[in-house]
Structure formats: structure tokens, C-alpha cells
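Below you'll find the structures, each written out as C-alpha cells.
Note that subunit A is present in both complexes that follow, paired respectively with subunit B and with subunit C.
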Partner chain A sequence: MFEARLTQGALLKRLLDSVKELVTDANFDCSETGISLQAMDNSHVALVSLSLRAEGFNPYRCDRGFSLGVNLNSLNKIMKCAGNEDVITLKADDSSADSLCLLFENSSNERVSEYELKLMDIDQEHLSIPETDYDATVMMPSAEFQRICRDLMVVSESVTIDVSKDEIKFTAEGELGTGNVKLKPTSTIDKPEESITIELGQTVSLQFSLKYLSNFTRGTPLSDQVMLCLSDNMPLLVEYKMDIGYIRYYLAPKVGDE
Partner chain B sequence: MGIFYRTIRMVESGIKPCYVFDGKPPTLKSGELAKRLERKKEANKKLEEAQENGDTSNVDKYSRQTVRVTKEHNDECKKLLNLMGIPYVEAPCEAEAQCAALAKAGKVYAAASEDMDTLTFSTPVLLRHMTYSEAKKVPINEIHLNKVLEGLQFSMDQFIDLCILLGCDYCESIKGIGPHRAVELIKKYKTLESIVNNLDTKKYPIPEDWRYNEARELFRNPEVLDPNGIEIKWKDPDVDGVVEFLVREKGFNEDRVRKGVEKLSKNLKAATQGRLDSFFTQVPSNANVPAKL
Partner chain C sequence: MSKRKDVHDDSSQDSNKKQKITSSKQAFLTSWIKQPSQPSSENVITKFTGKMNEEMKKLLQIELETMDNEWLKALVNEIQKPYFVELKKFLATEKSNNKKLFPPDLQIYSWSRYTPPSIVKVVILGQDPYHNDRQAHGLCFSVPHNVPPPPSLLNIYKGLKNDISTFQVPKHGCLVNWAKSGVLLLNTSLTVRAHEPASHSGKGWEKFTDAVIQYLNERKSGLVFMLWGSHAIKKGKAINKTKHLVLEAVHPSPLSAHHGFLDCHHWSKANKYLKDHGKEEIEWNCLVENKNVPIPSNSDLSNNEKID
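Moving on, here comes the complex of A and B:
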């Protein structure tokens, strides 16, 4: 038996929103410790990894590990039927899961709706992601990162991110001209969500596709802060932390001519 | 000279092509080549017939079959590629074998060919329908050798034997054995030797002087240039050179050519998107390890 009840239903809606543009079908891997999802986009350029701890649910029950293969588009359609204030409960039979049951309860408990989503068998390629000590780790307001991606898209389809000890610089060069945005570390004690911090082992300069980055910024509503981790010649890690877990995006860099 | 626009289309899609030209054919191929020559002659005859009868659809069909790649064609291609800054490799023997060697050595991502032999030459990845016109809407076919072997549960040597059994350019195949039976036979007997010894020769006559061993050797150890000694480099295109060659000599439309070269130099400079596969290793799907929490 698998059952997970989430009091903030809206969170699930947002999570889905941040994944569904990148992948169409994915397995939710459920275990005693929580729910996780890992999927690559079609062209194997980006990867999304989602993890929700069991403690975030109330209650959470999963007797044995199993996978829920879901078409995210279909799930999204059903999730649209849930109100933002609803309490969402996921239920499935872990021994022979061919459908996922979704229960939406209005907080005042007057209205209860129940949906069943057919599951699918997804042959998924699982990647093992090595633990990396990144050369540069940047924390910044997620809304700021979203804005930078959106703004620089006007100029080019790719952006170069340079991180040094006292600055992170985003540069785009395109046909119509160039643009760049520079941010310096700031710490505001009374507003920690607006601070920018840079932890640096070594300066880095990497180029990434803005299309993918702005796709990642769909995670913005999940967290005030976003973490960017970069290392030379390694995929970029973009992480949005939540009370209940995290969503991580990995993006392969663009490689220029030697 | 579709090669000009075709290359530009590839470069525009972010592909950095490297061409491989055929060298001298292997001696084992002479039988196949003689057959092809015969077919060309036949087609030539039919072409003449069709022309006399004014049968346009057949004229078209047979004139396609009579196309032969001459040395001049190849030389012109090489000259154009040089001007475009696109690298090419001249294979000592079969181009497919060289492509496979380059792909195996990691010099290129994949070998693109319509010839399935490329897979038998053990390229890790084979792309088919790479340069079909977009109008045809044929998707590019990406074949991974390891998945093929996994699916068939064959070793590479068995796969080579299977391909020989199914018919290749280098020796004859056994009549009456199609794909289905061939797979069964390899599954049962493992090698060609044991198939030859056990096969009911009345039902399936084995060709006289069947030189499968040589063919097999050719697939296993083809004559190729050492890929590690080959440097593949993309250069900036020589705009004036291309215009001179294609417009003045070949009568191409100057505007179109200039636009094409422009696209070429722009896209060659642009960085190519990396893939995650080259950074993260894949774990088998059944090992289903949920991410650490």
C-alpha cells in the first residue's frame, strides 16, 4: 500500500509545472524514505532530479519500493482540477500499480474529488550523478535568476556565466548586439531571501543554452533562492530547495572550438 | 552537387561532419562489383530503350541507376570540402570501415551511412537517413551497437557471422536463409563453422568455395588508417574560393552560395551543445536506485 498526503496541494502543482516542460513521461520512484524522480530530456542535454522526503507528507506510507510511470501531461491535466488550497492525497497499490489515485480535499472538507490516472511502463535510463565538489557555488534570489535568463534571451540563445570571487557575470552575444548582467555578493540580514553569496574555489567560465535555463526557472515559485553550482567542463547544477525536498536541474555545457 | 547544401544543412543543425571517401575496394568485393557493373549495363540498355519509347518515368528511373561516381566527382567533392573548411578522410579501403574506426576511437560521435555494414564494422553508433531531404519527413535512425547485441544476446563475433549469413558485399550467402532462420541458426550453432557442418546441405546448398572466413576477417580487422593519427579539424570557409568554384565554374546562383557560406561560418563558430551522457554514467534501469534523500 502506498499513500502520501500533502497538506499544501499547490506545491505539487508547482512541482509538476517545473518538470513537465522538460520531460513528457517519467517514473516516480517511491520508497520508504520518500518520492523521487529522475529524468532526462529527449536530447539528453538536461536532467531533472526531484526528491520529496517522507517527513514532508502527513501521513506517508510506503511498504516497499516501486515506481509509478506517469505521463506528466496527463497528470498535469488532472492536477488542474485541484484547488490551490486543497489537500492532496496520492494512493496506489504497490504490488500491482496500474493506476494512481488522486484525492483532492477542500480544506473546509466540504468537497472531495477523486481521480484515477492510468499508469504506464516506462523504460527509463537512470544516470548516476557523481558527488562533485564544484569550483563555484552561487546562491541568489530565484526571481533575479529568472529575470536574467528572460532578459538575455532577447540577445542570444546562449549565455556565458563567469564566476569570480566578487562577481557573477552573465554574458550573451547575438546578432543584434550584446548584453551582460553582473551581480555582486550582498547580504541583507533582515532579508536573507534577497542575499547573494559566492563560494569560490576557482574562477569558472561556461556557456549554456538559455532555452534550457529559462525552462529551469519554472522552479522559481518553489523557492526564494536558487543555487547555481559550476565546475569547469562539468554540467551546471541548478537547485531549488523546498521544506519538503529539492528539485535539481543539470545542464550540459556548450563546448566551443578548441 | 548536393553536397554543398547538404553539408550546410547538417552544420546548421549543429552537426560537425567529417567525410570519409572510399579507397580501393577489397579484393573480396570483386564479385559484388562485377554484379553491380552488370546491373549498370542492364540499366543503361533499358535507359536507351525507354528514351526511344519516350517513357519518361522509366528514363528517370534508369538514369538514376546508371549514375557512377567517377574519380573526377570525388576530386571535385574534396576540393569543395577543402574550400568549405570541412575535414575529410581518405580511407585506404572501405569507407564504412574507416567511419566505424573513427567512431570507435571517439573521434566522432557516430558513423552516418545507409550501409548496414558499418555496424558490422563495429561502429558504436550508426545513423541512417541522415541526409534525406526534409520534405520526405523520414526521421534519422540512430542505431546503437551495444543495444543491438544486447537485444540479440549475441557477441560481436556472432553478430558478424549473422551479417555474413544474411549477405554482405564480400561473399555469397546461403540461398533460402532469411533473417529469421539466420538468427535461429546462430543462436543454435554459435559460429559459421558449426553451421556449415550441421546444416542440411540438400535443403540449403552452401555456395562452392564459400569464403566466409576471409569476409569475417575483413569485418574484424579491416584495413583502416589508425584513427588516433588522424586529426579532424574544421576551418573557416574560404568564401571567395567557394564562390569562384561553384559560381564561376559550376554556374551556381551566387546569392544562394554566399548565403550558404555565411551560414556555414556562423554555425561552425557557434559552440555545440554537450550531452549529459558524456558526464554521467548510466546505471541499468532495473537497478532502480532511488536518489539519496
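Moving on, here comes the complex of A and C:
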């Protein structure tokens, strides 16, 4: 028996929105400790890793580990039928998981809707992401990161991110010209969500596809702050932390031809 | 515009950078993130056995160690059901009573290793493993290379020759190459007591192999099921005929084969269906080459003793 009830149903809608552009089919791996999802995009350039802790649900019950193979597009269609204020309950039979039951409850008008999503058999190897000590870790307002990606897309398809001790710089160069955005660390005690911090081991300069980065910024509604972790010649980690868990994106850098 | 560019190019640093940008290529994440093509069987086993107690693990040792990982993943819940546990206990009792059982332990699940769910295209259902010495090796209708092909198999060859004239009747009765090409050769009962036909029927294997068929029926589409004889037809009753092709005929046994089996043309029908559904056809002629194909075994298991 698997059952997970989430009081803020809107969170699940947002989470799905932040994953579905990147992958079409994925396994939700359910265990005693929570729900996780890990999938690489079709072009093998980016990876999304989602983790929701059991404590974030009330109640959460999962008797044994199993996977829910889901077509995210179909799930998204069903999730659109849930109101933003709805309490969402996910249910499945862990021994013969051929469908996922979704229950949407609206406490104010006692409306209850129930949907059943057919599951799929998705063969997915579990990917091992190497643990790394990153050269640079930047925390910044997620809306600011979203804006930078959106703005620089005007200029180019890729962005170079340079991090030094007292500055993070985003640079784009394209046919029509160039553009760059520089941010300095700030800390506002009364508004921690607006602060920018840089932890630096050594300076880094890496280039990434803006198409993917702006795809990642679909996670913006999930968290006020976004964390960027960079190391020379390593994939970029973009993380949005939530009360209930996190969503992480990994993106392979663009590398010189020679 | 071009003038401005020139100005830029004067600064060597900028021009370097520019060159770097124009010539940069998107790297693949796979260079950093390992995608183990074959997870070590040990890991998979521990993943499945996390919640099993020692007694259960011991009872299911053959399943955990010799079943293909894909199949094990699909059936891990099934093999923990009470009826299957009872079946395993029954088989253990048979052994402790010094009954000789076929096929050998390591080959009970050889069908799963040759034909994991991801490659299954055709399913042929048999009934009981062959009950004479050295015949059964875990694939229905098939016998190892050094054993003469039994009468039913000879009729299958005849039917195939009638159907596809280019088919070369092999001298042996080993269908491993079919199994490897995606033909799942599954018996209803997976074991039998030596020289006692159907001695293990009604002990639980039927339920288990039903689960195998049901899994394919539900989770796959566009498969071809070849059901020969009333037993197989009955067993395949639940197969969804809109999703799959179900071909029925009498059993190839010499007692019934002349009532339509020899002219059933199932093999060309199967290939046409596969082709129409965008799948690669089965090369039924693949039996004649590659003689003496060894049975794949899990690397950590080299002999029978370890299991017994």
C-alpha cells in the first residue's frame, strides 16, 4: 500500500511543471523515506533529480519500495484538473502498481474528485551522480536568475558564467551583439530571500546552453533562492530547495572544440 | 558593424574568448554521470531483498540468483506470495526425498535470461518440461544440442518448413537462438519429477507463469502469442487480442499435429504482424548457425553445489 497526502497541492503542480519540459517518461521511486525521481533528458545533456521527504506529507505510507512509471504529460493533464487550494492524495497498490490514483479534495466546498492514471513500464537505470566539492557555490534570488536567463537569451544561445570572490558575471555573445549581467554579494538581514552569497574555492568560468538554463528556471516558483554550483570542466548544479525536499538540475557545460 | 568587430579583435583576450565561444560544443552529461549498463547483480539482489528475511532469501535463492534482473524486477512481488513460497517448500521437500527433478536448478529460469521482457516479441507456451534425462533445459519444446529432437519439435520444424520454404531444418533441437531473438519459450510448469510427466502440475507453477504472461499482456503491446493445444489456448485466454496477436492451433504432438498444426503458418503470420507494427521480424532460420551456444549464467554462480 502506498499513500501520500499533500496539503499544498499546488506544490505538486509546480513540481511537475518544472520537470515535464525536460523528460517525458519517468519513474517515481517510492520508498519509506519518501518519493524521488531521477531522469536524463533525451539528448543526454541535462538531468533532473527530485526528492520529496516522507515528513512533508501527512500522512505518508509506503510499505515497501517500488516505482511508479509515469508519462509526465498525461500526469500533467490530470494535475490540471486539481485546484490550487486542493489537498492532493496519491495512492497506489505497491504489489501490482498498474495505476496511480489521484484524489483532489477541496475543503471549502467539499468537492472531491478522483482520477486514475495508467502506469507504464519504464526501464531506467539508476544513474550515479558523483559527489563533488564544487569550486564555486552561489546563492541568489531565483527570480533574478530567471530574469538573467530570459534577458540574455535575446543575445545568444549560450551564456558564460564567471565566478570570482566578489562577483558573478553572466556573459552572452551573439550575432546582434553582446550582453552581460554582474551581481555582487549582498546580504540583507531583514530580507534573506534577496541576498546573494558566493562561496569560492577558486575562480571558475564555464559556458552553458541558455535553452536548458531557462528550462530549469521553471523551478523558480518553488523557492525564493536558487543555488548554482560550479566546478571547472564539470556539470553545473542548479538547486531549488523546498520545505519538503529539493529539485536539482545538472547541465553539461559547453566545451571548446580543440 | 564590421569595423566594430575589428576593434574588438584588437584586444587579444577578447578575440580568444570569441573564438572559444564560436567553436564550443555542447558536452554530454554521460561523460560525468555513469549509467551502468549492467548493474552488478549483487546490487540488484540487495535492492530486491531489502525487506526479505533470511529464510525467505534462502528459499528464493534460485530465483534471486538465476532469474534475469529485468524479470526479477517484474516478478519480485509474485515470488514472495504465499503460494510461491509453498511451491518452493514443496520443491525442497522433493529434493530432500532424493527425487530427481528436471531441468537442473540453474536452467529453470534460462527462458528469463535469454529473453528479458525488453526484447520479447513472440511468446510460445508449452506445458510441461521434458521428463527424460538431459532433455529439459528451461525452454519449452527445446532440448540441448547433443539430444535428439523430440517428435513435437520435429513437427514444429515440419510446420515451419511448410510455412517458410527457405527454412532449413536443423539437425539439433536447441531453440536458444530463437529465445535470443525475442521468442519467449515458456512452459506452464517449470519443473517436473524425472520420468513422471506432469508430476509438478497443480503445485503453483501455473499461477506463477500466469503472472509472467499477464505482465507481458499488460506492460507490452504488439506481441505475438502462439498457443498450441487446448492447454495453451486456455492459459492464454486472458490475453488482450486488440493489443496483441494471438495465434491458435492444435498441439504439434504426433497425436494431433495432422489436424491443422502442420499448415498453421504461424511463423509467417507472426513476422507479418511484427513488420506491420514496426518491429524487426524473427529470423526463424537462425537455428542452423552458432552451434553449442553456452547457457548464460550469473557470474557469481558457477555450479550447482552453491545452490543446493
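In this section, the second predicted complex is superposed on the first by the 255 of 258 C-alpha atoms of A that agree within 3 Å, B and C clash if a C-alpha of one lies under 4 Å from a C-alpha of the other, contacts with A are read in each partner's own complex, and residues count from 1 in each chain.
Note that in this section a contact is a pair of C-beta atoms (placed from the backbone, for glycine too) under 8 Å apart; a residue touches a chain by one contact, two chains touch by 3 or more.
The model shown is predicted, which means the values in this text are computed figures rather than measured ones.
A.B. asks: State whether subunit B and subunit C clash or fit side by side on subunit A once the two structures are superposed.
C.D. replies: These partners clash in the superposed model.
A.B. asks: Applying the touch criterion given at the start, work out whether A:203 contacts subunit B, subunit C, both or neither, answering first, second, both or neither.
C.D. replies: The answer is neither, since A:203 touches no partner chain.
A.B. asks: Of the two partner chains, subunit B (first) and subunit C (second), which one does A:45 touch, if any: first, second, both, or neither?
C.D. replies: In the superposition, A:45 contacts both subunit B and subunit C.
A.B. asks: Determine, under the contact definition given at the top, whether A:173 touches first (subunit B), second (subunit C), both, or neither.
C.D. replies: In the superposed model, A:173 contacts subunit C only, not subunit B.
A.B. asks: Pick one for A:121: touches subunit B only (first), subunit C only (second), both, or neither.
C.D. replies: In the superposition, A:121 touches subunit C alone.
A.B. asks: Is A:253 in contact with subunit B, with subunit C, with both, or with neither (first, second, both, neither)?
C.D. replies: After superposition on chain A, A:253 lies in contact with both partners, subunit B and subunit C.
A.B. asks: Thinking of the overlay built on chain A, is A:99 touched by subunit B (first), by subunit C (second), by both, or by neither?
C.D. replies: The answer is neither, since A:99 touches no partner chain.
A.B. asks: Between subunit B (first) and subunit C (second), which, if any, makes contact with A:245: first, second, both or neither?
C.D. replies: first
A.B. asks: For A:113, select first, second, both or neither according to whether it touches subunit B, subunit C, the two together, or no partner.
C.D. replies: Neither partner.
A.B. asks: Let me test your reading of the model: by the given contact rule, A:71 touches which partner, first (subunit B), second (subunit C), both or neither?
C.D. replies: Neither partner.
A.B. asks: Which parts of subunit A are touched by subunit B and by subunit C alike?
C.D. replies: In subunit A, residues 40, 43-47, 65, 123, 125-130, 158, 207, 209, 234-235, 250, 252-257 are touched by subunit B and also by subunit C.
A.B. asks: Mind listing the subunit A positions that touch subunit B in their complex?
C.D. replies: Per the touch definition, subunit A meets subunit B at residues 29, 31, 33-34, 36, 38, 40, 43-47, 49, 51, 53-54, 65, 67, 123-130, 158, 207, 209, 234-235, 245, 250, 252-257.
A.B. asks: In the complex, go through subunit B and note every residue touching subunit A.
C.D. replies: 234, 268-269, 271-285, 287-291, 293
A.B. asks: Mind listing the subunit A positions that touch subunit C in their complex?
C.D. replies: Contacts found on subunit A: 40, 43-47, 64-65, 94-96, 98, 120-121, 123, 125-130, 158, 160, 173, 207, 209, 234-235, 250-258.
A.B. asks: Within the complex, which stretch of subunit C touches subunit A?
C.D. replies: 17-18, 20-21, 23-37, 39, 47, 50-51, 70, 77, 117-118, 218-220
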